[in-house]
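Chain nomenclature is as follows: A, B and C, assigned in order of appearance, with residue numbering initiated at 1 for each chain independently.
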Amino acid sequence: MTPNDPTFQPAAQTDEELLNAHEALLAKQPDDRAHYKLMPLALLFFFSGLILFAATYLNRYSGHFDKTIYDENALPTDHNVEVKIDPVVFGKQLFASSGACVTCHQASGQGVPGTYPPLAGSEWVNGPDERVISIVLYGLQGTVHVTSKSFNAAVMPSFGPSGFNWSDEKIADVLTYVRQEWGNKASAVTADQVAAVRAKDGAHTAWTEPDLLQIK
Amino acid sequence: MKNGAILFLGLFAALGASWAGIVVGSSTQFGALAPYYDQVADQSYPNGLAGEAARGQLVYRDLNCASCHTQQVRRAGFGADQARGWGERQSVARDYIYQPFVQLGDSRVGPDLANYAARKPAAPDAAAVYRLLYAGQGGMPAYAFLFEERKIVGQVSAQALPAGAGVTARPGYEILPTPRAQALVAYLLSLTSPYDYPEAKAAPAPTAEAKK
Amino acid sequence: MISASAPASAADSGVVEAYGHRPLLFLAGFALFWLVISGFFALVAGIQLHAPAFAAGCSVMTHGRVVALAETAFVYGWLGGIGLALTLWILARLGGEPLRAANWIVAGAAFWNLGVALGLVGIAAGEATAIPLLELPLPVQPLMLVAYGAMAVAGVLAWTGRRRDVMFASHWYAVAALFLFPWLFSIAQVMLLWFPVRGTLQALVAGWYGQGLWTLWLAPLALTAAYYVVPKASGKVLPSYDFASLGFWVLLFVGAWTGGRHLIGGPVPAWIATIAIVAAATLLFHYAIVWVNLRHAHGAGVPLKFLGFGLSAYVLGGVLDALTAIRGVAEVTQFTYFSEAQHQLAFYGAISMMLVGAFYYALPRLTGRPWAWAGLVRAHLILTGIGVVALVIGLGGAGLVQGTDLNNPAVSFAEIAAHTEGWLLLATAANVILLLGNVLFLINFFKSALCPFYAAAVKSYRGEAALEAAR
């Protein structure tokens, strides 16, 4: 059988020789003949180069191992910006949401004459912050005078703890919207103000006009 | 290396390290991503697949559609995904949290489907998708076995494929999608990226210094 | 350089194979069968790329399923079976003792191949998992795991029971492959199928499994064979053997970190892709060491020709992996036929070719007689050599065209199909050539391994008949 016989490849060394030869290679002192060898050095340089590249690349493009970073060029400061909600936009959406303000006061803010009082130009809406917060938080019953007309047919429901149970933010935002729409020009309402009223009055029942007028 | 025990321990350390680093590491980081609650819209995103769409995903999976279609849009400037109208933002992990079998895919013999139901310029309607599945088009083979030809009894049924554009039934017969086809189409038409999560917004263009 | 003085063929066979050859031939024979089966499905899948309507009429031959069938038969049926057979044989040879627990190999091989067969039927029926490299239907997977364990027992016994305490490079790789596959396989099963993780983590675990399967199982199986057969057939020691163990540990520790390689720009945080890129680059060191150590593979003789081819493909594949991991390159090659070309270069060009080379070396020692037909051996070498090169060039060319076109939104998919058609036809031609070569391989195997048994059986039957007649 010749070495080039495709049907059989003769072995050039036994298994024993193979094991012995390679064991001897590992057992010998690395510098036994003090020969300069290019290969180990070249491999070590290559390895160091790869490690250097790896470290540099990882450092630059890791995205700081942040779960919100999808673009490797980005830095964490580019993200994690708190999303700002425009109170007027949000408030308008709340105003128009089903079962809320728009049902009675209408999208135009004019209410229904004789039944539901208007918000546009209302002295209540443009009056002291705490008053209007109280109305929305706890509701209002009994006769109420708005733009020198009297309304007694309906009850303003509570959007606070005994009613729709809206959060402070929602109440603040819807009030801010109402107070700046349809020509109203009152100041914005903050969630902190709502929280303060809520803390002060606790589980208050619906307000009446005389009680409200006590609030300055 | 003579010591078997060292080899054995080394092997397990090697596998364990990559497992801990990649799998466990990312699992703790985004394995339990919460849906995103939008206060303004008073809605959480994304939404789970509706029942029929979820069954459709199983059809998508058993036909291995992912062998030709991806479901991931890359960011603008990295490939032409968005220029091709496949989506308007990069897909992010949160898009997939409610999908039982995530079908990212790794081949684009056909177009990307991540945003199929809302693709630009024209979003497909159910009739068009049925026709595409029944007759095939270009590189897309026909999946006629998802349909059946049935004798018309009385009136033509409402679900029958309208004739024309590759759809021809024998006279007196109509072509109807099987429940599998209906589920698949429901799934395909549920594929959208409904919401721009904060992490999906494109990062500001890198400065010249940061670029290299 | 130390060279063995005398040809060692005389002292080189006999006792070691005494108890192990039939189980190993059983395992290898099935593996060859799956190679041909997978070649058939790969051909169908390849044709469907440029003629989508081909065989699309029935659900079994849907492109997605055919792709899964070809891949499963190739990886689990062919590479797993032949790699394991060779690894067990090499462990027995280096241990200097006959294989123990041979019955376990037979039982394990029977159930492993039963698992592959059931798995293929399941995939054809639509039960595939649609996870690349883990397409086997869920119910089959535990069976495969147990069957693998049964076969690995024989390997572990051959390793722990070796006559001398010395360990050679093949030992490391063999032991790594034997132990790591079950762990990898079971973790992937649990995390992807039994209790699936959530969201894109699924894709990441699948990527980790796919890269792990390659770097922790298939590559070690092939390197076990290469590190053994190359010095045995060339008679030379490995030139930089003191670096071999470093190369081994780099592969093991860095390999599976490339798991996010296919998720560049995808819906996972950027650091995952960055780590994969860094790992793919660092892995170049492993490829350099393998190349330096095994460069004698390019010698005379059919086994060394296959091994040399496989080794070149292995190193080239590693370099391409590192190149296409660069984000600017991935932007073009990702999601295209180019990835498929790399896959074929790695699985077919590297792993399969190395294992075939080692099998050409091993079979005469298992059966005790040379291969039956020299012509078929030569034809197989030429056909697979041409086939793999043509396949990789065809798919690679198609991939570059496709990638450039995809990144130009003005080019429609119909135009992309037209631009890639020529390249894909080349790939189909390559698939035909490969299938033909592998059929010849299978025929030669039957003639070489089974006919002797048949002849012996006939002879003993005739002998008995003659005795009957004489009575």
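Heads up, the rule we're going with is that contacts are C-beta pairs under 8 Å (C-beta built on N, C-alpha and C of every residue); 3 or more make two chains touch, one makes a residue touch a chain.
These numbers were taken from a predicted model, which means no experiment stands behind them.
Per-pair tallies of C-beta contacts place B-C first. Ranked by how close its mean Cα position lies to the mean of all protein Cα atoms, the top chain is B. As a whole-number value, the distance joining the C-alpha centres of chain A and chain B reads 26 Å. Here the spacing of chain A and chain C, counted between their Cα centres, is 48 Å. Note: centroid distance chain B to chain C, computed from Cα atoms, is 31 Å. Shared interface positions of chain C, defined as residues touching 2 or more other chains, are 166, 267-269, 275, 327. Of all residues in chain B, those that touch two or more other chains are 29-30, 75, 90, 92-93. Contacts with at least two other chains are made by residues 65, 67-71, 74 of chain A.
Only residues 29-30, 39-42, 75, 90, 92-93, 198-204, 206, 210-211 of chain B touch chain A when the two sit together in their complex. Interface residues of chain A, counted against chain B in their complex, comprise 65, 67-71, 73-75, 78-79, 81, 83, 85, 89-90, 93, 97, 169. On the side of chain C, the complex with chain B involves touching residues 48-49, 52-53, 56-59, 62-65, 67-68, 126-130, 132, 135, 159-160, 165-167, 171-172, 175-176, 179-180, 183-184, 187, 191, 196-205, 208, 212, 216, 245, 249, 252-253, 255-257, 259-260, 262-263, 265-269, 272, 275, 327, 331, 334-336, 339-340, 402, 406-409, 413-414, 417.
Chain B makes touch with chain C in their complex at residues 1-2, 4, 7-8, 10-15, 17-19, 21-23, 26-27, 29-33, 61-68, 70, 72, 74-75, 78-80, 83-85, 90-97, 99-111, 136, 138-145. Those residues of chain A whose C-beta lies close enough to touch chain C in the complex are 1, 3-19, 21-23, 25-26, 30, 39-40, 43, 46-47, 50-51, 53-54, 57-58, 61-72, 74.
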